[in-house]
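Chains here go by letter, A, B, C, D, E and F, matching the order in which they are written, and residues are numbered from 1 within each.
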Amino acid sequence: MTDILTIAGQNLSTPMILCFALGLLAALARSDLTIPEAMAKAMSIYLLFAIGFKGGVSVANHGFDSHLILSLLAGVALSFVLPFVAFALLRGLTNLSSLDAAAVAAHYGSISIVTFVTATSVLASQGIDSEGYMVAVAAAMEAPAILSALWLAARTGSGARMDAKLWHEILLNGSIVLLIGAFVIGILTGPPGMTRIESFIVSPFQGVLCLFLLDMGLVAGRGLRGVRGLLGPGALLFGVIMPLVGAAAGAAAGLALGLSPGGLALMMTLAASASYIAVPAAMRVALPEANPALYLTLSLGVTFPFNLTIGIPTYVAIAQSIGG
Amino acid sequence: MQTHAAKRVEIIIEAPMESRLTEALEKSGVTGFTVLPVLGGSGRSGRWTREGQVGRAGMVAVICLIRPDRLDALLQSAFAVVERHIGVVSVTDAQVLRAERF
Amino acid sequence: MQTHAAKRVEIIIEAPMESRLTEALEKSGVTGFTVLPVLGGSGRSGRWTREGQVGRAGMVAVICLIRPDRLDALLQSAFAVVERHIGVVSVTDAQVLRAERF
Amino acid sequence: MQTHAAKRVEIIIEAPMESRLTEALEKSGVTGFTVLPVLGGSGRSGRWTREGQVGRAGMVAVICLIRPDRLDALLQSAFAVVERHIGVVSVTDAQVLRAERF
Amino acid sequence: MTDILTIAGQNLSTPMILCFALGLLAALARSDLTIPEAMAKAMSIYLLFAIGFKGGVSVANHGFDSHLILSLLAGVALSFVLPFVAFALLRGLTNLSSLDAAAVAAHYGSISIVTFVTATSVLASQGIDSEGYMVAVAAAMEAPAILSALWLAARTGSGARMDAKLWHEILLNGSIVLLIGAFVIGILTGPPGMTRIESFIVSPFQGVLCLFLLDMGLVAGRGLRGVRGLLGPGALLFGVIMPLVGAAAGAAAGLALGLSPGGLALMMTLAASASYIAVPAAMRVALPEANPALYLTLSLGVTFPFNLTIGIPTYVAIAQSIGG
Amino acid sequence: MTDILTIAGQNLSTPMILCFALGLLAALARSDLTIPEAMAKAMSIYLLFAIGFKGGVSVANHGFDSHLILSLLAGVALSFVLPFVAFALLRGLTNLSSLDAAAVAAHYGSISIVTFVTATSVLASQGIDSEGYMVAVAAAMEAPAILSALWLAARTGSGARMDAKLWHEILLNGSIVLLIGAFVIGILTGPPGMTRIESFIVSPFQGVLCLFLLDMGLVAGRGLRGVRGLLGPGALLFGVIMPLVGAAAGAAAGLALGLSPGGLALMMTLAASASYIAVPAAMRVALPEANPALYLTLSLGVTFPFNLTIGIPTYVAIAQSIGG
């Protein structure tokens, strides 16, 4: 417990968290501070490329762990199952329509890559190693949750639109392709490739993450400002309980897989995190009647900051005490 | 100069629906369209802005100049796409140069 | 398809005035508007471009589709904002789908 | 409010031709114009998008509000520029505030 | 004097100054070289964040100097007073309307953060230390000048528009929020925070500054091209005399405060510099009838290059001989 | 031969090439992965600035080689002559109209700066030195080919539009001005300037090049997707033969000039490469009736990847065996 608090304390005083807080405050105070869309996209491309590449090089270094396939399968399974848990929780805690509940559930089954990236940087700062292939697990967990949610929505007769084109868009969406592509490039080029581009993708990484989290704080704050009153106490509760439920499920899966403490912490983080890029776009196409302000605010305005500040240090501390 | 009657259709639609809309337009026989970026806006679903967004968020404006007799086919197919979605469709009378292009 | 008469108002205004304009529009009862980015332009106050600018420089285009009977209220309130500022306001007749939205 | 008849000319043209077009417009006596960015489009020469481009690729939209009696001069000079190029020119009837500006 | 010339010579052959010159020449020669708006904004966000953060870490290192508050007050006072000096000078030297003169005066009371950043990098290259809290002084000097200028304009009956909304925009404008926010983050995270993001905010800093100055050269050159004849000899004279007057006032304040030579040079630079971002936007709202080409060209096309090439080395040399 | 294969193999497994391949595949698979226009432009500005500056510093280090002027003249001559060769080849191999053939020929006489940049980074990774002034040669080779192509087009009566304005645009286009400007700045500031901005322009260089090549792969792939069937076998053949012809001409010129093996490899690369930025814009103005899909796809979709994967390692290997 002291451990968790110490880490949480340390974590709260990192430039990353403080940058997110700055963005949040600036937006809530209606400052006109904004990050240009192209800069935000550039930073996310950089972060996806760097994290994928580093994961690939780490796999190239340590050889293919026999657990890679099992971990991927476990990730996919979690992503399929968690939306049902989320849906049930939402129906219990809130009076959202089943359509809105299904849309929200899709987000919590899927993952947030920035939450993942932040967790890797917390691990790195504490000198804890993790399996390089966890970035592939992250990529694998993006899409399955969408299927579960659409099934839930269809069951309630809300006429989800699901066609081949949408599947294509989801499976080949830019972030999955970049993450997996960079991962494969990292495996293929290995340490010599790392030597070439290390001072681009390793050294400035945490600094870029700071500015990116500043932007996420701004976007989250703008969202929160716009929805005063939209989220009742039940929904807010869901936003902090669901990540803990997800993390528990992730912990169970990670322990069964025999992941290292670092890998365990990442698996918990993935399961605990909620998508705010890929899934919202898919929901706009497939479930246009669901309210985007609802799922975006819950995911980005409630669960993301919760994971950033309290979640990740908790998962790391738990992973260290139960793992390895 | 010699100009020809045409219709200017402007469709403001969510970015994730853009390719579905343009495919529908092409199927309905339009010969061309132009896509403009949109910075932000406001409607029944609230205020939004594109700033700082990383996903395929926001909206785009699709402008389509067509021969008047093709208007109905275009509106039908555009409507099938935007029907369940937020966004607006407007039509204005216009004159174009080089009618052979439309 | 069934369309309904509407007015398309296009206001090109300095970026620092954007939020004042949209607040005025909302007060005058418009139900929606869309903001488009502007790259550059020219007028009595000379030529300008957005390239390389870091401040809230430049202009934006605000497009507003409204029911014809609301036009005057809109123009009144828009004019109160743009009156002392550079920029232009134009109105065209349009037809819209889904009239219930306006 | 008091409005005045005007024409709204919208010219969608290749970016490398932009400065030639605006110079021609200025020579033909227009008092102002606004340039909007274009994300992509489609026409007889195929589909294109601005994404990831580094050169002066793509197109821009030039909007020009003018007094109706100046339309022909404008179209003449615009046409001289766009004649051999891809792109479209459209004209709509409009009403403007502050007629003294046009 | 030789000192000044040597430093000026060195300064003129730095990549920063030459990049500004390149931009200026390219724009005057009507090259189509342009920096995308989003890239220019990204660089300015980077520079503001880095300079604010470094200032904060330096304060965390050296403890709170008892002079922090006094320096802030001095900066605010300078920002209030200088517009009156500028206004008087303008009325003497030029035949600008009192409205235009008031608008120009606002710019010279306020500050240019890039001039400040360039001065810190000149100091760094000469190994001269300065008070970390000078970035807070910079932020504090942005707004008061606007109030003085509006008072001057109102006095001449030009109907300045000043409302709560405008005050909110000025005080919480993006650059102030980012600068102060990064400063506070730097104080809170201190040296450990610096270790984490040093290779992002320190190493590439001067290189980014080069490309940013290239952009400023392009924008200044485009402005100068458009205003041939707008600025008479009186206005041009004002553009180089006013920074010297400002620097003298800054020197007096800095000496009274007992700043280190580095801090003194920065205080002179702030007082000598003229705003070209925050104040122009405020003037467009509050004094729309004032001619923007006038104040932008004077500030960015005349005073900025003057400070960059002659001003800063002079202020540094003077600060070293009279300071500490 | 083994040499070439080894280098080619090594080259193929560099992150740069793999990033290009990733972009190509992503675009062909219709992924929605895209690089924002402003980010692509920012990266190209960075690369031009860095490569120009490094060349200038290298000239400052080694003094002005007497061969600088001769190399410039040789480059200009190659750029003038190669379009005629390309035109003849095209008329023999394809049934393109003489207008389209002239437009394509202009691209192959001119150069691709990214191909050049990639070649310098291959040389650097093998520890091979080259003449710093080769960046000036690159700049000098951009424009002359356009003149030859317009002459060819005019001869066939296709009414090329050539006026002073277009010449101005071509000679002062952004990339030439930035490349030459940075080169001159590098010469003027020399090693001290390099020390200041080294960690900006040297360390992250290869990483930025990776993301830039990812973008080029995306653009090339999108182009190829759009033109199925447009390029017959003759045109495709031209796309790989012409670079070899160009490289041979470049080798002859380089040998006559007595360039070092590194310089020789760069001269071959320049002659072998085809423009895809400056020349297309000029062709749109001067020869609007020529089909842009044709020249862009040949240049960016065929010759660029050919040079990247097979060409450059071949030129380097040949230059090492025949040069120096």
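We adopt the following convention: a contact is a pair of C-beta atoms (placed from the backbone, for glycine too) under 8 Å apart; a residue touches a chain by one contact, two chains touch by 3 or more.
The structure presented is a predicted model; accordingly, all values stated were derived computationally and were not measured.
Path length between subunit A and subunit C in the chain contact graph, taken as the least number of steps between touching chains: 2.
Listed here as common contacts of subunit B and subunit C: D. For the touching copies subunit A and subunit E, the fraction of interface residue numbers used by both falls below half; the interface is of the different-residue type. Superposition on CA atoms relates subunit B and subunit D by a rotation of 120 degrees, given as a multiple of 5.
Across the assembly, the mean Cα position most removed from that of subunit D is the one of A. Averaging C-alpha coordinates per chain and comparing to subunit C, the farthest chain turns out to be F. Per-chain Cα centroids separate subunit C from subunit D by 18 Å. Chain centres here are Cα means. That of subunit A falls 45 Å from that of subunit D. In terms of their C-alpha centroids, the spacing between subunit A and subunit B amounts to 34 Å. Rounded to whole angstrom, the centroid-to-centroid distance between subunit E and subunit F, based on C-alpha atoms, equals 41 Å. With touch defined as above, residues shared between interfaces to two or more other chains in subunit F number as follows: 32, 34-39, 41-42, 169, 199, 203-204.
In subunit B, 36-37, 56, 92-93 are the positions where the chain touches two or more neighbouring chains simultaneously. Every pair of chains in contact is given here: A-B, A-E, A-F, B-C, B-D, C-D, C-E, D-F, E-F. Those residues of subunit D whose C-beta lies close enough to touch subunit B in the complex are 10, 12, 36-44, 59, 61, 72, 75-76, 79, 82, 88-93.
Considering their complex, residues 1, 3, 6, 8, 22, 26, 31-37, 60, 65, 92-98, 101 of subunit C touch subunit B. Residues of subunit B touching subunit A in their complex: 14-17, 20, 45-47, 49-57, 84-86. Those residues of subunit F whose C-beta lies close enough to touch subunit E in the complex are 36-39, 41-42, 45-46, 49, 53, 168-169, 172-174, 177-178, 181-182, 184-185, 188-189, 193, 196-197, 199-201, 203-204. Listed in rising order, the residues of subunit A touching subunit B in the complex are 34-37, 40-41, 44, 161, 165, 169, 215, 218-219, 222, 226, 276-278, 280-282, 284-285, 288-289, 291-293.
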